[in-house]
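The structure appears below as structure tokens.
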Amino acid sequence: MNGLEGNISNFSNTKDFELMASFSFQNENRFNSNLYSLSISKAFGNHNFYFRYSPGIAQNFIIKRSTTIQLPDTVANLKTEINYSEKFGTSYSYKFSSGVNLGLSLRYFEQTFREESPILFYTDSVNYISIKEEELSDNFWRGDLGFDFILNDILSISLSTINLFISKEDNSSEASRLYSLKTEKGIHASFQLKSNNKFMTKFGYEYGFDKYKAFYAGLNYSFNLAGGIITAGTLLAHDRFRQPYISSVIPSISFTKDGYTISAGGIIYALNNTSKTTESLVNDGIYSLFNNPYSTDRAFVNFNLALSFKSKQFVKFIDVSIDSDVYPTLSEIYLNKPFATGRVVNISNEIVEVRPASFINGINNELIYSPVVKILPGDTVDVSFFTTISNIEVDKRKIEQADFYLYTDKSEPDDYIQKPVLIHDKNSWDGNVFNLIYFVRKDFEFTNKYSREILNKYPRESTADVFRKIKILYDEFSHSLEYVSDPRSSTESVQFPHETIELKGGDCDDLSVCFSSMLESIGIQTAFVDYKNLGGVSHVNLLVNTELTPSELFKITNNDNKVVVRKNEKGIDQIWLPIETTVLSGFKDAWTAGADKFNSEAIEKLGLSKGTVIIIDIY
Amino acid sequence: MKKVIPMMIVFTISIMAQTFEVEKVRGDVEVLTTTEENWKPVKQGMKLSGMDIIATGKNSVVYLKSGGSRFILEDNSALGINNIKKMTLNELLLALASEEIKNIRPGKNNNKTRNTAVYSEKIENRRAETESEASNLLGIKKLNGAKQLVENGYKESAILLAKETYRKYPATKERISDRIYFVELMVEMNLINEAAEEINDISQYNIDSESIKRLEKISKLLKEKMAEVSQ
Amino acid sequence: MKNITLTLLISILLFSCGEPLPTELIEVTNTSEVEFEAVPPGSANLDYDSTGIVDRNIDKSIVVSVVGVRNTNFRTVQTEGYYYAIFNDKSNPVQTANGHMLGYKTLQMNSVFFNNFQARKIDYKLKYKIGSVYLDTLLGVKYFASQRMMNMMGRMNNFPYAGRVNFRVVSGPGRNIEFDIPTPSEIIGRVRLIGNRNASDEYFDLEWNSEGRGRVEIVFATINQNGEVNPLMKVKGNDNGNMKVPFKVFKNIIDKDNRSLVVSFARKIENTDKFTDDSYIVSESIHNIRIDLP
């Protein structure tokens, strides 16, 4: 029915912790309820440990002896009190496979005999007899082995020993000799037949090598109700020492749901007027505290609580693919464009909201969360992972591990996967002209200082307007630099402005970035012009905003071919100058070259409308 | 090396654009080559191409020849050599689109403060008054040039030149009569949206009664055309 | 589900504080119905040799006792028979100095006959113990005969076990009392001390020839060097021939000074309704065995 009594081999299906509590109720002379047993088991993989504290597996006798004592007022019968109890038990089992389980159990029994005997006292004036109580204990351990074989879906067999190992000392006290629990060795065998998941029959036989013989047979029926399973059944039992042949009926009913089970049952004896003499106790003895000639009707209520601290997994990674390498300088692109996409499946039967999170070693300072994705049960969806760059100073290109997590409503993530990500160095560029903006902005502190230093060399009036600032700055900028065609393809790396100034040169990206940063850092608006060349190397130069309206065109040039008119956000036309930053002979030449290229590629060849020339504003 | 590149760029442009030869010059005709600042007189036999801007003064004419085709630029007109070309309607639309694409996309980063530069009257020793006048004049000449493109059969180029001129020379936007001329042209060419936009823009200005009549007429015509399209 | 389970669990937990009830059984064994009784000190007649050990203060007007006694002392066995009658004057009680009832003053009769043998009139003294001092007191007369006396007169060699003794009292004209007193069969007992004192499972194994019915009494007494006997405890049981008395009962009694015990087996027939309610007639077979403990 529960615990070790019927489960020597500790066969269990729990995955983690299971707590079991059992209560027994009797109503012999008066109603009595008590905690029968409390047990806990824990599974570690294929190992299972079980411990039971069983205050209720006990039986007490008070034997009214025929020996009496004449006391002053009364005649008192001497008593012998016997307490039997199985205090606790423990077992260990190992599942060799899904079909074979081996277990070992140890149970600790306490027997206490309290015998009253007369003792004579005499003094000068008085002789009297008094009652002395003497207590003897005779405790022992009982060890057994058990095996379970699950042959298939239908049949399973169990074999276990009875009293294989007993630790009792030979006790020569008379009470012990007369009344000790019987520890006759024997074998218990049972089999279970399941049919169509609803019916199950069970048959067991206990064979003691000396006198004890018993068997039981039963039938169970299971069906689903309210999301759980109800199992109802009955067992009939026979043992040699109790009349009639089928001495007890054990009905039971249980309800299991989500790992919790409540069950109730009872043992109903056919004949309940158990002997009230010691005859059976002395002649036959007691073989089992659970069922013996002195047992009376009992009801049980059991609770099984499977407490799994391994919480249920709702979602799972199928895989994660890294969509792009990480360019540390392009710090904000990963806010809008995911760097990785996870393929995630919802393995539960509920709608789950997943919070993806990632951590890239060396790039992130903390876990970065991405937007929540709702997944229907059973669905597989793509989940985007975004990130931000906390650490730009990556000097060398490297491969880092990125951790990907799926969080649901628990504090622990449901799933985790690690993937390598290529982290480029800080100068690396993905070739997207739009992303040059990051190189421009990162160095504002330097370029601002640099630009101011240059401008401060001139009198105030000559640097009052934007056009003149542009001219002065470009002249200074270009005169100290050289155009270098990048030995690696120019789409791979971009220098920060301070690097371009220090290195005294760079390619078209480097120079555009540098000059743009110099202007932007002091508040002059610029834009990149990306000239895409099919099959060739694309080229970048700048447009700079003079903030002049077209009607002021005459102030700076006679030739309207040299300017580009752009509406600003407020819808007002402004004059922008195309600057070819690789022309380092001075502002005039750079402006002329820039205008030529713009007119030819963007206007004449309809580059703007065809998309081969793109203007990228720096925001 | 530094000088080589600008040269190379110029070369590529020259190869693409049409080259015209000056057949005959009468009067005062000047050219501003590609990205030069100073006008040069046009002489017979000169080769003009690409973004060269040619301008005729009062009572002046220039005859241009390219291959088998001819172009006559009347007095008080100006245009770029590259304006003299045949464009399909599609190419015109693409070119007009460019004008829009050039602009800054609205809604982005409006809180960025920009220096509001104070411009002095003089930049680079240029004498503001005269330069301003010259600039305005060029604008008007370009409109005239655009009209001539129409007369010479280069309607698409004309529209483009007109629109470009309005943009670069905002003063020309006030020449209502010319503008209406081009609106009529747009309507004729079924450039409905563009015409409607123009009419809208023109309405901002002070319009004399005759122009109003012309506008109304065009509007009506436009509405009819729009109705046709929506069917 | 979880909540329901936990709630039920906790509520039941609160209510199940009972312990499993004990089952009461009645012992079924053949060594049954043994009764232990302390013998109050100061019991009458501590004279071991002469009259056997008779305790109880008989609160009756007529007390007649015929006792067959067998004494086993070391290895010698003596048999005797004692017959006596006491006629208590209940209007004359006698007490010890501390108020303990010893008996009554006696009345005199003309003559008393046991099996037609005339009993002698002797002093009726009671020996009793106060503190550790043995004292005696004269209550009156006792009509006494012994088997030896009868033998000397040529009568009755042995006590008539399993028979009867005729009792006749001549107290005056018309005031004779006569009746037969039935006697029990002779009880012959044996005492062995069995077991291991260290394991404290030592016991006196008492055996005797059993009648199979009725009761026997076995009295344990200490005896000192002077032969003074102090009865301590009486154990009553069925006359089934065997009784075991655990040695530990005497744990407090047996010490280096007190190493000798007298175990007396007694089979009685008591008749209190023979003559009047106010009489106590008893016939006994007593076997006293003295044992010296190692």
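When the chains are written out, they are named A, B and C in that same order, and each has its own residue count from 1.
One rule holds in what follows: contacts are C-beta pairs under 8 Å (C-beta built on N, C-alpha and C of every residue); 3 or more make two chains touch, one makes a residue touch a chain.
Just so we're clear, the structure is a prediction, and the values are computed from it rather than from any experiment.
What chain sits nearest the middle when you go by CA atom centres?
Most central by this criterion: A.
Would you mind checking which chain's C-alpha centre is most distant from the centre of chain B?
C
Using the average of all C-alpha atoms in each chain as its centre, how far is it in Å between chain A and chain B?
For chain A versus chain B, the centre distance works out to 70 Å.
Just curious, how far off is chain C from chain A if you go by their C-alpha centres, in Å?
About 85 Å, centre to centre.
Please compute the C-alpha centroid of chain B, do the same for chain C, then give the distance between them in whole Å.
Here the centre of chain C sits 154 Å away from the centre of chain B.
Spell out, as numbers or ranges, the residues of chain A touching 2 or more other chains.
Touching at least two other chains: none.
Can you list every residue of chain C that touches 2 or more other chains, as numbers and ranges?
Touching at least two other chains: none.
State the interface residues of chain A toward chain C in the complex, per the touch definition above.
Going by the criterion above, the answer is residues 21, 23-24, 26, 28-30, 32-35, 56, 58-70, 75, 80-81, 117-122, 124-129, 132, 172-174, 227-228, 257-258, 260-262, 274-279, 281-282, 294, 301, 303, 305.
What part of chain A is in contact with chain B in the complex they form?
461, 464-468, 483, 522-525, 527, 545, 547-569, 571, 573, 580, 582-585, 589, 592-593, 595-597, 599-600, 602-606, 608-610, 615, 617, 619
Where on chain C is chain A touching in the complex?
1-2, 4-6, 8-9, 12-13, 15-29, 31-41, 129-132, 199, 201, 220, 230, 232-233, 246, 248-253
In the complex formed with chain A, which residues of chain B make contact?
Residue positions touching the partner: 1-3, 5-6, 9-10, 12-13, 16-17, 32, 34-39, 50-51, 53, 80, 82, 91, 94-95, 97-98, 101-110, 112-120, 123-124, 126, 128, 131-132, 134-135, 138, 167-171.
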